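Each structure below is given as structure tokens.
Both complexes below contain chain A, partnered by chain B and then by chain C.
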Partner chain A sequence: MEVLERLLNISLVIATIRTTAPILLVALGGSFTTKAGIFNIGLEGQMLVGAFFAVIGTIATGSPWLGVLCGVAAALTLALIFALLVVSFKANEVVVGLALNILAGGLTVSLMKAIFGTRGSIFGHGLVGLPALKLPNVKDLGWFGQMISGYTPLVYAAFILVPVLILFYNRSRLGLYIRVVGEKPEAAEALGISITRIRYISSLLCGLLAGLAGAHLALGYTTMFTENMSSGRGFMAVAILIFSNGDPLKILLGCLLFGFSDALSLRLQTLGISSYLVLAVPYLVALIGLFALSYRSRPRLIQETLASMGRVLSVKSNTIKPATATDASKP
Partner chain B sequence: MSVTPATPLAIELKSITKRFGAFVANEDVNLAVESGKIHAIIGENGAGKTTLMNVLFGLLQPDEGEIWIDGEKKSLPNPAAAIAAGIGMVHQHFKLVPSLTVAENVFLGMEIRKGGLIDHAAQIKKTAELSKQFGLQVDPNERVGLLSVGIEQRIEILKVLVRGARIIILDEPTAVLTPQESRELFQTLRGFVAQGMTVIFISHHLEEVMEVSDTVSVLRLGKNVASRPTAELTKSDLVQLMVGRLVSFDRLPRTPTIGKTVLEVEDLWCRDERQLQALRGVSFGVKAGEIVGIAGVAGNGQTELAEVLSGLRPSSHGSLKLNGRTITGLSARDIRAAGVGHVPGDRLVRGVDRNASISMNLLMGRQDQSPWSTHGIINRRYLLEQTQALIKRFDIRTRGPESPAKSLSGGNIQKIVLAREFTGSADCLLIDQPTRGVDIGAQEQIHGEIMRQRDAGKAILLISVQLDELIRLADRILVMFGGTIMGEISGDRVDEEEIGMLMAGVVPEPRPNQVGAA
Partner chain C sequence: MMSDRFDSLLGQGLAILFALGLGALVILTVDESPMKVLVTLLNGAFGSPERIAGTLLQTTPILICGIAACISFRGGLFNIGIEGQLFMGGFWATWVGFSFNLPPILHMLLAMSAAVIAGMAWIAIPAFFRARYKTNEVVSTILANYVAVLITSYLTINIFKRSGGQSETPPIFESAYLPELFSFSRLNWGLIIGLALAIGVYLFFTRTSRGYAVTEMGANPKFAEYGGIDIRKQVFLVLIASGAVGGLAGGVEALGVHHRFMEGFAPGFGFDGVIAALLANGNPIGTIFTALFFGALRSGSLLLEVDTTASREIITVIQALIILAVSAQITIRRKASDSTAGERRWKF
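Moving on to the complex of A and B:
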């Protein structure tokens, strides 16, 4: 009981919200491309360059906000290259996405070496993070106030974006067209909606949010850049996108699941459980979650297999039937 | 051939010609559509109906000719221009988004917005109003993915109406509908003309054209061969106009052969994809050394018959016998092994693998038989020898045995299929549309090969929509209509009128077997 109490308390909720935010931002970005019918595996790389250039921008200008802008611009550039190759030149989206991820990894490492002469991580150099927002009058709300106050701005942005995106997909023309392009391109074409244009817009919106996610990682979640600091969050987002089909609410649920298991693993470390096991927790939860979700479609698979087997069997049985059947039909 | 208009013309096409390379899809077509009428355009597959309508809807640009709408000359560079001119088209294949509601689909591309956001309530209200005004019953709130094809079509029609169309083109609208849904559609169309709109209705079903249209235009081989009020025509008139007068009866010479019955079909029934009865009790036999032709307007069960006989479609009732042995319900492979060769109607889908080489295509289906292979390894030298021999014998025009099938012309691809099917050990050959899309020279050769197979004692079932091909080759012709065999005609005593009536589903007065040459 005592162990449970130490694990499950308000600070776990706060930790969950903190760990959910970066992955939520990048997954919401991916929802644009998913809805537009592009399988965007390049989220990881966009997030990584976002983080790196946010740090560079902040060090260069001294303002974390200008740093965020730099990070977003870098991610947008990568997104534009992605769109150019995938949408205009019709290259395979998985290949392009993976290539850009590798490029992002290599680019950040070599630039780090060139600029700072080090490998590993960047901190200091006058690097400042985004300020935490203390909401006014939350003291009166007790534990709830404690729960909702004191995060960096991009955390709020991530959670506010969920209802905004729901509204966007259901009530705005652009959101509707993105869905139509993804679901039935020929319908969009017949109505004179430019598939290319919509897919470019989706890719860039995705880059925007992936850049913000990266910037948050480097300037909000921590105040540093480390090699490969996105550490698979982009891929987790891709996994969430696959089972959420890009629906913002389902994305939120998926991200909370990841965030929670991430936060839980951090707490478990304090209990003296092997850190290797603990660090595997979020990935295990992800696997189990994905398996459970895909399990729903399994009965259909089984049904279809049975049906096709039944067809074969019924055809076989026909060879015996006709003799009696034709006799019966004879007047 | 054009009608003198009693009422103003909604559409007038003047000398429209549309070519695709060397192929002329529409040739000097004149078409006058009166306002407030249902005008049917009928013709066989490939007669140029859809091309003509695509020209009218701005999807294709005519090479020659003029389009006049409501007495004004128009150029229609794209569908938007056609829509602006009041034309709407309901395509054969629907373009609806399954996850959106009916109202969202209807208004897609022209959403009603309030304060920048889509006003769902207004769209639903408008859809409900339109649906009521034109008797197209739909629930605007429902998701399209859950609806039947009939309702999907109503939504497509609503899409056209909401864009202000007064002239509505429907491309084979009943092809996907059940008879009940078709009847409801016809009622809706009559409602449209009652409200002063004009309907152009493309079809190759005689019945529904007779039932619903005021005027009929018949297209044949890209030309408008007749435009007349429907009331002045009979179904057999239409068939004759569609398939054309038989110019030459150049039957290939033959010696009568009397062999034993090889293929026996008894009381065969089956359903099509829409679960409608496609075959309703078909019985016939094919003897060795005999070509039995199957005639009929496309879509009367011929495709399904070929599929059942080759094992590609299950029959719901009836029996098939080959040399006295029951083969009902066997798989395509087993039927083949039992001795049925199949030249499929769609050679690119079922006849060849387009990407595979000619030699591989010739091998297919017998790759596990000696001497083509030994112990599971293909005998490449034998295959190459055979391929070269067959290329020579069937005069396949190619660069070599390893060229992919897709590099060949349609006629030469068909020769690959024939070369494979005619050199097996089959006693019975099922040949479906052997010369569709094949040039005249190759046609001659293909016909010659079929005759050689007949003389070699094979039992041949020849399905074709081309009457002249059947008359040229067949010893007997069975005419199919509505999934049954309407009658049988001896190949050397073909009477055009009689066959036309049978194809239209009318039984001529004297029994077909007793009719002499006209």
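Moving on to the complex of A and C:
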């Protein structure tokens, strides 16, 4: 019982919120590409350059906010290369994503060594993190106030983005276009939506949030940069994106599960369990989630296959029709 | 046909030159002279017989991992978890190596089998879910890498740590060593195994009907299914075979080079193998050359860190740039020739 009390209390909730934020930001970024029908394994690298250049920018300018801007700009550059190769050149998205991840890993270490003469990590050098936000009047709210106050701004941004993205996908024109391009590219074409443009926009929006996630990792979650500090969060985000299908609410649930397992595993370390095993917990949770939910989605997969086969058959019987059919479904 | 192949080689060459040019720019930004870096790399890779042997020593695991990647690419699958299979294979080969005391060749063969089995076991679950429920194998095998590295570290440090100081397992018995080829280098039979495997896998894919069925599945899974191939079974077997070779790579490193297992056992060989196979377009014979290229880069980069201010990660940047350039140029060429080939997943 005492062990349970030591593990489960309000500070665990706070730790969960802290550990959820970076992966939530990057996964929400990935929802843009997922919804637009792009499999983006390059999130990891975008997050990593985001973190690195956020640190560089902060050290150079003295302002963590300008640092965040630098990090986002770097992630956007990577996202632009991704879009250029995948969307315009139709290169394989897995290959390009992996290559960009490798590029990000090599580039950050090379530059770290060139600029600071060290490898491993950067801290000091006048590096300051983002300030924690103390919400006003939370003292009166007791434990709840304790729970919602005192995080760095990007933590709030991550959680606020969830409802924003739900509205974006359901209510905004761009959100609808992104979904149409991902789900029914042929319909998008018939509606006169430029698939190329929408996919570019989705990739860049994804880079924007992945950059913020990286910046948060280096300036909010910690105040330093370490070699490969994204440590697989981008890949876990991709796992979440696969089983959430890019829906913001499901992404939030998936990320909270990770945040919780991450926070819990950090506590387990204090109970004397080997840190190697403890560190493996989030990856195992990701794998189990991926496998368990793909098992559950089996009936849906079969249904979808049948539906798409039916579609193929009906399209074949009247090939001229689709254009007019989609015209009718125009909002 | 012949000119097709020539065109493809020419395109590949131009893409590599383009990437090297970009790499030179990157080197300039970190305040080094690209020429000096190139000369240092070449000197480090081929400057003396010992250094050539060193290059081949680095080439061996990249080659074997590359073959593992080729097998999965041929079947239209992405086994990105070769790094994890290598770690598992390396650890369990070492475990057999130091836990039992057996007659020389038998011991080595047994340890090598342990490596292969460990590699297969490590990919078995992702392979099962990919085959049966189409669970994305790219993500599952990547995540499994992290777990493999952590678990082998745990086993090494918390369970089997050698008494007295260092974070490594006890050394294996000499009866489990892979014999060395020359007296002046740790270069060993692993290279011969890798070369034989490359030729064997190439012949399997080009000369046997089973190999043809795998290639067919990679090129067009729907057609393959209509052609009567049991896709589920074949996906599973292809991934298991790929994992087996990945595990073998770990066994070769453990029994041929390190003779023990430690943290950071094989930094990035699995990923280098994937890149080498991609650059060779999934061809095992081509992978021999791309692996040699990357082995030389790696070996040369050791001297790079001593003689210049550039870090050895600069070669990772160059590798990534090459893959990006090649991935773009292949699609341009393909778009020009025919549009139907776009379905081939294992091509770029």
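Going forward, the second predicted complex is superposed on the first by the 297 of 331 C-alpha atoms of A that agree within 3 Å, B and C clash if a C-alpha of one lies under 4 Å from a C-alpha of the other, contacts with A are read in each partner's own complex, and residues count from 1 in each chain.
Going forward, a contact is a pair of C-beta atoms (placed from the backbone, for glycine too) under 8 Å apart; a residue touches a chain by one contact, two chains touch by 3 or more.
From a predicted model like this one, the values you see are computed outputs, not experimental measurements.
Participant: Per the contact definition in the header, classify A:V26: touching chain B only (first), chain C only (second), both, or neither.
Facilitator: A:V26 sits against neither chain B nor chain C.
Participant: Which of the two partners, first being chain B and second being chain C, lies in contact with A:K90: first, second, both, or neither?
Facilitator: In the superposition, A:K90 contacts chain C only.
Participant: Please determine whether it is chain B or chain C that touches the greater number of chain A residues.
Facilitator: So, of the two partners, C touches more residues of chain A.
Participant: Contacts for A:E186 in the overlay, against chain B (first) and chain C (second): which applies, first, second, both or neither?
Facilitator: In the superposition, A:E186 touches chain B alone.
Participant: Name the contact category of A:I41: first (chain B only), second (chain C only), both, or neither.
Facilitator: After superposing on A, A:I41 lies in contact with chain C but is clear of chain B.
Participant: Once chain A of both complexes is superposed, is A:A99 in touch with chain B (first), chain C (second), both, or neither?
Facilitator: In the superposition, A:A99 touches chain C alone.
Participant: In the overlaid three-chain picture, which partner chain does A:M236 touch, first (chain B) or second (chain C), both, or neither?
Facilitator: Once the two structures are laid over each other on A, A:M236 reaches chain C alone.
Participant: Which chain A residues come up in both lists, the one for chain B and the one for chain C?
Facilitator: Common interface on chain A, chain B vs chain C: nothing in common.
Participant: Chain A touches which residues of chain B in the complex?
Facilitator: Residues of chain B touching chain A: 79-80, 91, 95-100, 104, 108-109, 111, 113, 116-118, 120, 266-267, 314-315, 317-319, 326, 328-331.
Participant: Quick one: in the complex, what on chain A touches chain B?
Facilitator: My answer: residues 167, 170-173, 176, 179-180, 183-184, 186-187, 190-193, 311, 314-319, 321-323, 325-326, 329.
Participant: Within the complex, which stretch of chain A touches chain C?
Facilitator: On the chain A side, the touching residues are 39, 41, 81, 85, 89-92, 94-96, 98-100, 102-103, 105-107, 109-111, 113-114, 119, 231-232, 235-236, 238-239, 242, 274, 276-277, 279-280, 283-284, 286-287, 290-291, 294-295, 297-298, 301.
Participant: With touch defined as at the start, can you tell me which chain C residues reach chain A in the complex?
Facilitator: 26, 29-31, 78, 80, 125, 129, 133-136, 138-140, 142-144, 146-147, 150-151, 153-154, 157-158, 271, 274-275, 278, 309-311, 313-317, 319-321, 323-324, 327-328, 330-332, 335, 342, 345, 347-348
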